[in-house]
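Just so it is clear, A, B, C and D label the chains in written order, and each chain counts residues from 1 on its own.
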Amino acid sequence: MKKIKVGMLGYSFMGRAHSNAYNQMPKFFYPPPAEPVKEIVCGRTKENVNSFAKQFGWNQVETDWKKMIDSDKIDLFDNSGPNNMHLEPNIAAAEEGINIFCEKPLARNLEEAEKMATAVRKNDVKAMCAFNYRRVPAIQLAKKLIDEGYIGDIYHWRAVYLQDWITDPDFPLVWRLRQDVAGSGPHGDLNAHIVDLSQYLLGGIKEVIGMEKTFIKERPLPSGAGVGLGDHTASEERKMGKVTVDDAVLFLAKFNNGALGSFEATRFATGRRNYNCFEINGSKGSIVWNLERMNELEFYSSEDPAFAQGFRTINVTEGIHPYVNKWWPSGHIIGWEHTFTHEVYDFFNAIAKDLEIHPNFDDAVKVQRVLEHVKDSIKSNSWKSC
Amino acid sequence: MKKIKVGMLGYSFMGRAHSNAYNQMPKFFYPPPAEPVKEIVCGRTKENVNSFAKQFGWNQVETDWKKMIDSDKIDLFDNSGPNNMHLEPNIAAAEEGINIFCEKPLARNLEEAEKMATAVRKNDVKAMCAFNYRRVPAIQLAKKLIDEGYIGDIYHWRAVYLQDWITDPDFPLVWRLRQDVAGSGPHGDLNAHIVDLSQYLLGGIKEVIGMEKTFIKERPLPSGAGVGLGDHTASEERKMGKVTVDDAVLFLAKFNNGALGSFEATRFATGRRNYNCFEINGSKGSIVWNLERMNELEFYSSEDPAFAQGFRTINVTEGIHPYVNKWWPSGHIIGWEHTFTHEVYDFFNAIAKDLEIHPNFDDAVKVQRVLEHVKDSIKSNSWKSC
Amino acid sequence: MKKIKVGMLGYSFMGRAHSNAYNQMPKFFYPPPAEPVKEIVCGRTKENVNSFAKQFGWNQVETDWKKMIDSDKIDLFDNSGPNNMHLEPNIAAAEEGINIFCEKPLARNLEEAEKMATAVRKNDVKAMCAFNYRRVPAIQLAKKLIDEGYIGDIYHWRAVYLQDWITDPDFPLVWRLRQDVAGSGPHGDLNAHIVDLSQYLLGGIKEVIGMEKTFIKERPLPSGAGVGLGDHTASEERKMGKVTVDDAVLFLAKFNNGALGSFEATRFATGRRNYNCFEINGSKGSIVWNLERMNELEFYSSEDPAFAQGFRTINVTEGIHPYVNKWWPSGHIIGWEHTFTHEVYDFFNAIAKDLEIHPNFDDAVKVQRVLEHVKDSIKSNSWKSC
Amino acid sequence: MKKIKVGMLGYSFMGRAHSNAYNQMPKFFYPPPAEPVKEIVCGRTKENVNSFAKQFGWNQVETDWKKMIDSDKIDLFDNSGPNNMHLEPNIAAAEEGINIFCEKPLARNLEEAEKMATAVRKNDVKAMCAFNYRRVPAIQLAKKLIDEGYIGDIYHWRAVYLQDWITDPDFPLVWRLRQDVAGSGPHGDLNAHIVDLSQYLLGGIKEVIGMEKTFIKERPLPSGAGVGLGDHTASEERKMGKVTVDDAVLFLAKFNNGALGSFEATRFATGRRNYNCFEINGSKGSIVWNLERMNELEFYSSEDPAFAQGFRTINVTEGIHPYVNKWWPSGHIIGWEHTFTHEVYDFFNAIAKDLEIHPNFDDAVKVQRVLEHVKDSIKSNSWKSC
């Protein structure tokens, strides 16, 4: 069987999720289209990378991503690093002819994203951007319902991605709150997801206008390196630093297909842990999905008998649903991380059979363009065409 | 237009609900099949009855129900009194040829219920027992779904009626907690409702076995007459009295149609205010209903496309649904008390046009028989045939 | 007891709702602060008004509102007419020193609204605008939670008012779809409600930007007068007419208190019957409410133990909750129309005791100003300060 | 690090789930208390076992369980075989001094279960019965709420385990529908789970009475070996065979602590895929849990302010909740199979540190006793003491 040797940059939250996907894919999607070999994991701190490699089963460790990419040892570059570590390594990989699996958002800004997409096209490598929610079975079902006409012409898209993990003013200034590393706050982190979903399900956006706010403008510096969602400890001296990203960004959008859209991303929605939720209304039906209940899809059909219409909650856990029969018999929910296994399966399949993959870097550029135009609209206080 | 002069016994919780129904019916079900005249209201305490008559618009007051029934002034006897005031007045009314609208449960025991039903049949009057939940629009829709084959052969009935208003041990010994007045606790009060619904929707029960418990065996005597749900004050001296009814009764049942059933009534389900909820599973579909969201019905159809099956929540608030278009345009929920207006409308229509009405006293006897057999099964520790 | 003689303009949807409130208030809020006398009802078509007066119990009928207002027979002018019948009659009533209870939206535009508010102030009459959802018990509870600090500093308001009654292109061009009568579509009809709720709960709005769309631009003319939500029949010849109002309006808002807000009103949200829903996120808690389950309030408190935090569904049906104990014992839901009874009770109380009432015409002007500024922002494609 | 060499019998549904747990535990619960070595997997059909071993990474294969147990190569016997393969192999393992991890139900009947428990005690091995739902984080939270007094004295337990995978009469006669292999139908398969949960959360049961039904008495024989939930194909000739297990079993129970309980297991609840749901009501609070939303727990506390009480939905996905921080940052749901990883972690920890483990075979015997007494109560038509 074809083997694909992976070199991964980053070993934090996403590094764990990707490692798990490489472990699980060949077991549950058996026989796999190609076998992942977890060849090299790369990170700045040798000791930590060593420990991680041992934990998740990587063959080698590296602290210099350039060496990893130049090593001739890898077929696939997995970029699970923070947003400021996407541009250079991705381009280097592309130039080495190495396929790329990169975490979202693709870039800190549109310019970076376009550079990467260009490099990918020029060097003719396959590059996937890990907008993992496309591969939730319920989202695939939503796509099917739309494509097969169950929803009709689409009038409305409304999506929110609500979290609440930084409402405490003592939560420290981790990298996700620093523009130089993250590029933006929930805008790039969360709106990126729902913009990608909207493009997957409804198509492109024509015009946007937004607003943003940073509710808490200064925070204590973190005690350690401040890498990762989990590093929540403020340093003892409590030196303060400036929050340089948004805490919330909302925007209105007009879609190319005529639908009206609204988007909201915030980390200040007290009580909402990971509430990525959208509703679509069309001439024949509607769809609602919510990540916190990601194994369900709500569907309304105006073709049901008039006296018996209503939103139905589909348990998207049946063998008939996408990906599901690879896991367990009908009726058993999957977890959040399974979406990465689905991505790895589809990407490995695309590589093995030389198929197109989506979302690729061009798709990701489109997301980045919308995000950037929202930012522009905020600066200029006016609508911005995409 | 034909007028129907009503004489009502009782002016507490149910007296209010019935008075309101007489007020509302001719306005919203306009023109009414016959016009209710609130002629006489009867209660023990003159002053209170006077006040009530003024509040809700009754023409006359009376403190002796016999005089009211013998007065030749009324066409319909409304028995909204407590359970120990059903037997004699109802029989007297029947013997006077007066139609009867009686609150549920019909009686404190089967013997009483049968006596009343016999009197009604012998004297050929119309008699309705006010199991009001039959006339929730969502319940009518459930009936339609079953009757028209959307559910198929029925396998399962499971119903609970859960309340929590006496979990506090200091809640006083009101009449509903005394066997001499109420006959039983939640068994007669709440199981009566769900047994009636089961008979309406599934038909008769063949065999039962139950269990019961009184969790709090003594309570402070109430300060006042202790009539009504609302009289929650323990007397100051806090003399204690014995609770002589059940606090919870559960039972299993085998239906004539082969379905398996379970029933539970309790006043000790902390957090459940008025949770009258049932689920029906059949070979082609399922139904769930819950009084706390009485304007909704959950419906599952196995005839939906395999990839899009799920329980749908029907807002039973559309003009197409039973009774609804009499009230407001589609999309506006009705309240709990509207069920009584529906009862009064249907009963007045039956009287005006000489139609059969259900649930009548024979239906109520069937409920009482099930309740009694459950009690017997508890005493004998064994299944009891109905 | 003081009597207040009412003269009402309009006998359609709102006329019914108001008549019912006058009937119910003195019975359930007994003794009433003042007794409503349903003195005169006024409408264009004599025959229809006569029938309505008989149905709901009005003493007299009138077809000329000027005569009604000049008659010296009324103490309160109830304006339940369509939006184009607000300006002149309301000003006339104010100038006669008659108190006013007017349906929402107060006006077709800001200029009209300000004229009415000025007339009211000048003539020192009491004038209430019937934003009835303020008087849902759950909304009053939400207000209490905010005022007493359970929510903390408010970061987010997001509200939608979704309906779907005109998604069928054959639905006729009723008055609500004509700008000359209605002023606007769901913007004035639905956004008005959620703007009022936001002002009640969060306070004023500083800046807005919106977008709008008319999805279906032509519709068949209605067969009849086309008055009322219920008149759904297209004329047989199917002559077409132009829809001159919006079908959907969305906007972003910045509140004076620093919160970010979003609003959406549409009649094209297939499957959403009357889905008036908002969420508020604050530093200490969150609130969600939805008209379709108007007897419930969702509340999240970050002061619950860390391991046991979550949105709780409060059944706002307990005696301890506002208005509830006037109706039924705890645990029994009220219907949509009860909100009008609450309004009439509070307004009659304010009149009888000479108290301030809210929402008054000044409150309604503030709503109208926001609506108008949204319209302006759409025209100018830019943010508009309020 | 200590290694524990596992020999597993069975490679179907449960074999997959257990293999996955051995794979995942040492990665996510890192460093593991002891390292699982997937040494031998054993099944009847060489070819299938070989394929399975390759897929999930087992070192060796075996077709004779006796050889595996006698091989001196394993430290832990994992019994993932069907119910008729528990007795002999488990006893053999115990007699070899090998620890045992056995799927539920422990046995086809009480006698078998007791024999196994005796063998385990006599040979002093550790033996865990895989009632995996105890190790759902939400269930652990429920246990904590009860143990720490948040629920108070418990009045009620009501549990159902509803499925619908055999409502189609053409679904073939798989092993789970044959008494000789399975022992019973949903009674042993599903009631076993909810009885175990009730014992974990409330303690022992004193008395039971039940009823059962086989709705479809004959079914087509399966085409193949008919092993596994997934083998849904009837043979072409459609020879029919007799269903020799129950399709549904309901029972009432009295707990030692005075609580009243009800239990129901069925495979005929159309629309319910895997609806394992219970509610507990106590003097101070209530709990509701449902496997289909296994990452949530509903909790009601009567100690909340009177005006703000309600069932709250806890997302049991926070770092503070049991097991959760081993997986992902807060807010990411886990899947059904993670419960097995939790079991393996706890059992390996118990073995490594010589701690007690629960549920052990004695706990499983108690479950089996309740199930058997329910069966007896059905035969004798009377209550049965436990």
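As a working rule, a contact is a pair of C-beta atoms (placed from the backbone, for glycine too) under 8 Å apart; a residue touches a chain by one contact, two chains touch by 3 or more.
As the structure is a prediction and not an experimental result, all values here were calculated from the model.
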Most remote chain, CA-based centroid, reference being chain B: A
Pair joined by more contacting C-beta pairs (C-D or B-C): B-C
For chain C paired with chain D, centre-to-centre distance based on mean C-alpha positions, whole Å: 54
Length of the line joining the C-alpha centres of chain B and chain C, rounded to whole Å: 35
Shared interface positions of chain A, touching two or more other chains: 300, 309-311, 315, 318
Complex interface listing, chain A residues touching chain C: 152, 155-156, 158, 160, 162, 164, 167, 209-211, 213, 215, 248, 250-252, 254, 258, 260, 262, 264, 266, 268-272, 279, 281-286, 300, 302, 309-311, 381-383
Touching residues (chain side chain B, partner chain C) in the complex: 13, 16-17, 19-20, 23, 27, 30-31, 55-57, 163, 165, 228-230, 273-274, 292-295, 315, 317-319, 327-338
Chain D contact footprint on chain C (complex, rising order): 141, 144-145, 150, 296-301, 304, 306-315, 318, 320-321
